[in-house]
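Each of the two complexes below includes chain A, the first together with chain B, the second together with chain C.
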Partner chain A sequence: MTDVFQLLVAGLSIGSIYAMAAIGFVLLWQTSNTINFAQGEFVVLPAFVMVLFLTVFRFPFAAAFVATVIVSTLLLGLLVKKVLVERLLKMGVLPLVIATIGLSMLIRYSLQQFWTPLALPFPAIFSRQPIRVGGVIFSSEEVMNVLSAAIVIGTLQLLIRRTKLGWAMQAVAQNRDLASVLGINVSRLVGVTFMLNAALTAVAAVLIAPVYLVKYDIGIGIGLKAFYAAIIGGFNQIRGALLGGLLVGLVETYSAAYISNQFRDAFALVILIGVLLLKPEGLLGIKEEWA
Partner chain B sequence: MALLEVHDLHAGYGKMEILHGITLKVEPGQIVSIIGPNGAGKSTVFKSIFGLLPVRQGRVLFAGEEVTNRSPEALLRQGMTFVPQGRNVFPLMTVEENLLLGAYIRKRSPELLEEVQRVYETFPILREKRTARAGDLSGGQQQMLEMGRSLLLQPKLILLDEPTLGLAPLVFKEIFRIIEGLRQRGQTILMVEQNAAKALEISDYAYVLELGKNRYEGSGEAIRNDERVKRLYLGR
Partner chain C sequence: MRGWRTLGILVGAVVLLLFPLVLEQYKLYLASLTLVYLILAIGLNLTLGYAGQISLAHAGFMSFGAYAVAILVPLGVPFEGGLVVGVVIAFLWGLVLGFPALKVKHHYLAMVTLGFNIIVFLVLRNWESLTGGSFGISGIARPRWGPVRFQSDRAYYYYILGWTVLVVASAHWILHSRWGRAFRSIRENEMRAEVVGVSLRNYKLMAFAIGSAYAGVGGALFAPLLTYIDPGAFTLDRSIQFLMMVVMGGLGRFEGPFLGAVVVTLLPELLRASEGFYLIIFSLAVILMMLFMPKGLVEIWDWMVRKMTRRRHGPAHPPAPPEPAAVLEPK
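The block that comes next holds the complex of A and B.
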């Protein structure tokens, strides 16, 4: 019975990382109607950048983390927006979506070719000292992952609900044309959203790196699961993506432990198909009839 | 001096030119209507004045200043607001949030909140519904929200595109009453309206467009009684 609780924390830990990437999906979808199929690589690249700062430049951990978030925001946020999004979004959504698939391959195989095809170790961020509560032993790393993700997501929610920038993001998501009539610079806002997404994936990168090791191809799985999570929870709701992420993490962890480790990736798909059949707008999604 | 002057305006989409030289003038305190059949380019006039569609040739002067091809943000700052056609609200945000977004370009200030109260006095139903989702309002209430939102910046000029489109007769009478009330307060309005006869009743001046060109113009009264206009557009 105690392992049920241990697995709960383990599932929430990995799930909260999926949730961050899934929330990024939702943000980009809402403001620019873009599905970023390079989202997985947007998590992998910052992990490599973090390794670079830690092992090559020998930055202390906190400095390396801040530097990683900044580099990620500029590279995967600002640069991607200027070079890809600004040019392609004019031609419709599909060219940009296809371009993100290309971008994911470019990042993935550049890392393999020019950096390393091997898995790089990543130092533990939090102490691996187990925490004992009653008879149950938790990994403190997992608990800290959940807490860190909660802080990041909570801050993001506050930003969206309470600040002018957040209101503008909601406005663009709900009625783009009207937003520009009211003087909201939609293009600049799309840029800000890409930067926010990149910051979010950078945090996810640093949390997931000690769990998965840093390897060029781990983005495939992370990107897919975040995508499932966003669909399961509802692509137009941040809390939907949060729920979806946690659910995917839990399902994956429990099914690996109790059913089959080899099929661990399949169970999230079962849920995905079930949701698409029964509630296609996602568990917390809203039907976009007004769009 | 006219508040708004449009000279020989040309604009269009891609290779297609829709406006082939539109000229019009709005004096302060007036309600001016643009009428004409579908495809005359009425809404296109608004989009090109408001910086949403590039002006290819011609000039727009606002309060004596050249504003041709200025961004919506710049025009809002100079005192022009635009209420586009169709129901245009942020459906998942509350009525009050929708209103406040009308003043997005301004800093949140006590004066702004007073202005919100003034809008509530003009549209009491909005105060009543201020915590409701804008998407749950009726068509007429949404139109009031849109007009209230455009008043929030205390504009010199409101561009009003088809305010009664798709509204029930009783509701559109109410909207026209409100527009007249705004005029009594000295609000200048340039309006495109499908209900031409009704619009002309409250207009000081009117322009009739056809296929992207000026066709007739005159006082609201004169245009309403013009036999040619009656035959062509008023369906009488």
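The block that comes next holds the complex of A and C.
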């Protein structure tokens, strides 16, 4: 029985990181109809940047973290929006899909070629001291991961629910033309969303790096999990992406422990396909109008 | 225009028939591979380009053809028999996978097919008794018709070329039948298509299944070309590669897959001299192309065709005479 609880925390820990990537993914889709195939690399690049600040520039941890978030926001948020999205948004979904596929390859192989093909170690952020509750031992790193993710996602929810910016984002998500008529600067809002997403992936990067190590190709797996999470939970709901992320993390952890490590990726997929067949808008998703 | 087209086809035919006679082994292999990819790209262009349904499972469908041939030929089944089995399996799975396509929108279909491709990969890797697991199947024989064997690389190239001609001709036929018109009407406006009496359900399913069947043909030809297959040849990356071919070539244009298959297959080869940098250059090229030529390489193609016809016939559209002023004035 103790295993079950330990795995629960482990699954929630990895799941909350997937959830952050998935939420960013959903935000991008909502405001700009971008299916970001580079979302995994959007997590990997900040992890490398963080290593750069920590080991080369020898920043203290907090400063390195802030610097990483800023660099990520400018590079993966502002720059990508200005250079790629602004131009391609008018062309429909597919050219942007191909461009983000290109972007993911560009980031992945540039890191491999210009930096290192090897896995870089990453310092643990939180102490690895186990916490004992009753007879159950939890890893404090995992507990802290869950808490950090909860704070970040909670703040984001508040931002979207309670601020003018958040209302504007909701309006654009519901009806882009109408939002524009009402005086919302849609293009600027798309930019803000891209920057928010980049900040989210930077936080996810710093949390996931001690777990996976920092390697140029780990983004493939992370990006896929974010996709699964977004679909399972619902493409048009932040709560959905949160639920999806946690589910993917839990299913992955439990199936690896109890069923088969080889098929660990397959179980999340089975849920994915089941959801798509039975409730294609996702567990918490709302049916979109046929467009 | 028509004359140029016939000339183009003739020149293309001569090049495809004669050029391989002088190619060395590796280049011959690349030429054969380009033809196989062309078949796959034509299939995806039917599904995505004409009927507007995104598929990221094309490599999965391809694996059905490849494994059918690799498994059945050693049991004494002729190559063409294996091909037909593979194509039928791909077609049927295309129907199964096309089914959710009836209910869901673009991005969901991308995810269903993406998931399907990964599941196919996992099954191929783990069903060892049938597929040989991650070691794959080696020593796949090339087809033979009684005394005629397509064993040498050159002979097999011509064999693939024969199938390619069949595929191109059948795709051309499909697109100019009422099917093709129905596919296009669905892509342009689903509701209008349904109102004028196109049965969305059947045509959408068919567009998906036929595209998948073409992938089966490509896969069946692919296996004996390499004589060795393993699950790694049918990953999601490969499906994405086909997607790039079709979009970079030009969606929903008959010329598109030709341009896309050639560029996506041969560009990395040309860049190989740059060692590790070729993937970086390739991905940059993809991004730049989308930025400046989002309709695909057919834009260059159209521009060249326009230039050539103009040189011959003078300006294609002489400037229109100025409209009478009275018409322009508001009443």
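Here, the second predicted complex is superposed on the first by the 289 of 291 C-alpha atoms of A that agree within 3 Å, B and C clash if a C-alpha of one lies under 4 Å from a C-alpha of the other, contacts with A are read in each partner's own complex, and residues count from 1 in each chain.
The rule is short, and it goes like this: a contact is a pair of C-beta atoms (placed from the backbone, for glycine too) under 8 Å apart; a residue touches a chain by one contact, two chains touch by 3 or more.
This is a predicted model, so every value here is computed, not measured.
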{"item": "Which of chain B and chain C A:Leu182 touches, first, second, both or neither", "value": "first"}
{"item": "Partner chain in contact with A:Thr116 - chain B first, chain C second, else both or neither", "value": "neither"}
{"item": "Partner chain(s) touched by A:Ser140 [first = chain B, second = chain C, both, neither]", "value": "neither"}
{"item": "Partner chain(s) touched by A:Phe235 [first = chain B, second = chain C, both, neither]", "value": "second"}
{"item": "Per-residue contact with chain A, leading partner among chain C and chain B", "value": "C"}
{"item": "Touched partner set for A:Ile98, first chain B, second chain C, both or neither", "value": "second"}
{"item": "Those residues of chain A which chain B touches in one complex and chain C touches in the other", "value": "290"}
{"item": "Chain A residues touching chain B - in the complex, by the definition given at the top", "value": "164, 167-168, 170-171, 174-175, 177-178, 180-185, 286, 290"}
{"item": "Sites on chain A touched by chain C in the complex", "value": "29, 35, 83-84, 87-88, 91, 93-99, 101-103, 105-106, 109-110, 112-113, 224, 227-228, 231, 235, 262-263, 265-266, 269, 272-273, 276-277, 280, 288, 290-291"}
{"item": "Partner chain A, residues of chain C touching it in the complex", "value": "54, 100, 103-108, 110-112, 114-116, 118-119, 122, 126, 190-191, 240, 243-244, 247-248, 251, 276-277, 279-280, 282-284, 286-287, 290-291, 294"}
{"item": "Residues of chain B touching chain A in the complex", "value": "50, 52, 71-73, 76-77, 82, 84, 88-93, 97, 100-102, 104-105, 108, 135, 149"}
